[in-house]
């Protein structure tokens, strides 16, 4: 693996512009904690979120959506069944789908569920280092939802996972790494304050899902999704007094983001 | 159908004052995405929200609540069963109930569920144009949760639905229309920014539910609920930098709204 | 019972400092309405929230968490089963667990569930006066989630409940009372505006759960949790225009709170 490559502001601006034009319909099957924030992030960027969770409807909907997000944060058995239906229908309809393996590693049910899903060819996988290490089978345990590892420690696992599944894999941390198993991109920015607001990672996975629906190079599209979020995050942090004022500022920054700011 | 009539600020102020005095207990069976925002909107207006969802408890609670909201945004089979229990108990206890048919049309399970509920005499139905058209049987398909139609296109369907069910029907859009099948009221205001914040429509349905509990003319009470929300929305938009700062500003405006502002 | 004792700012600061050092992993099994706010409150204070709800996983997780919160606000039968598994595993692993008996009294299913849980030796119980009165068997009915009683009216019931269960019992209201059945502490502060924002009480229960994990005197640790929240609440109220601007200001205040402010 070569040195990670940066992504230029011009490329990010191009994909953001495509996203706003296409306004992808993002079918979010995500955890109960972050549903509202996830929807608001997609809306602020000009996307069209929809949360549909009953098994039959979820299958119906993932076939017409532009992308499907599977986030296992508050997985239950019935939600897992609905997710399997939705992924199956998405695969049949060529709807790209994204996996967010929240807290995989330390918890058995979700770990087995996520590993089982990997055969269904996700377009993207987004997790922190501990999650990517666990999902790729390199580490068996974890504790809670926060990463016990630096993002750098999971680059090799991410590459392996990308090759094995065909997905673009994103490892987020102080620096985000994005790989398709061949190329490796890096995305700077963001701020530690973002880890003090619930759902910034989960919302990124939803934005990644939306960007998988765009024409162009999927690797660069997904890295652009990461940069859109990290750019808004660092700008919002600069004018916040804490995690409370960060959240509205972050949504405003996503709303206002343009090529000039990204350059 | 005659020309739609406006509703005066004085009437809106009167119903808002009644609402604050009575502080109706609003039993919300709503979708997972908007629960927090819905509760906060009702609290900011002086109402008393409560989310009770287990079938037996939901029936027990809807009998003592002042109004019951049924919103099918994230419907599941078990939630649908609990809603049926709650609606049954509400009808027996003469608790007015409101239907928000989120995304009805494109999704089979919820569409059949909502049509089935119509025989239980809702006091109010609140949806966007696509939802009202679909619920009344005039259009079969939809895509996602956003309306594909202008509100005006659904006035005839709303009138038909009101006559068929006995409900006051609200079609929301750039202008909101409110009808009992005979009279047609229109409510101006609001702003496009409100469509970039998840739950503004769903929260309106909860406010409508609270206003169905007030003494007086239900048609005007419900139009007043719409105007309260559109007035706070346009004022919050005027001092927002985007959808992030809109949400707290909107709640503050609801909290501060008075007769002078509404006039 | 003697005169309630105040808790000094120095003691509160000490426990807050311990909390930030230890960053307890708080397993929240809470209601659907307040999940996001609860997580954000814990994150703003430096804690580590995690919401895990499937029965098998919940048991696995409560055994490794530093504290477990059971909040019955939107209880369902399957969630109740998962909570029982989690509490059982917590007891076996000596993980302290906290009960928030939302709306107990008026609703049969949750009332029986909470009474059944009392034998599993909660470390803490946090409710409003109506809930504590109902849980201790002194009042049978209630209406909605707001207290029909002043906190003072439930001091005797709280004392009885503490002696019966071994828990520290918190009755919240204009003044909060905290008792282990022998000593009684009182915590001033907060503001009426906090009752117009959904989840302030539920989030307090989550913070209490985190503070039960700290070394020291559990009674004073829990009273400190109450004071941390009431102090941030009164400061946030002072710079808010309503319940909308309160919420971000409150999280910022929690983030910034230090010994100087608490003194």
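Per-chain residue numbering starts at 1, and chain names A, B and C are given in the order in which the chains are listed.
Keep this in mind: contacts are C-beta pairs under 8 Å (C-beta built on N, C-alpha and C of every residue); 3 or more make two chains touch, one makes a residue touch a chain.
Predicted model, so just to flag it, every value in this text is computed and none were measured.
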Exercise for review: If you connect every pair of chains that touch, what shape comes out? Choose line, ring, star, complete or other.
Suggested key: complete
Point to revise | For subunit A placed onto subunit C, the superposition rotation in degrees, Cα atoms, nearest 5 | key: 120
**Study point:** Centroid distance [mean C-alpha coordinates] between subunit B and subunit A, Å
**Key:** 33
Revision key, fill the gap. Within subunit A, the set of residues that touch 2 or more other chains is 32, 36, 78, 247-248
Review point. What part of subunit C is in contact with subunit B in the complex they form?
Key: 31-34, 36-37, 73-78, 103, 106-110, 143-146, 195-199, 240-245, 247-248
Revision key, fill the gap. Per the touch rule above, subunit A residues touching subunit B in the complex are 25, 32, 35-36, 39-40, 43-44, 48-54, 56-57, 60-61, 64-65, 78, 247-256
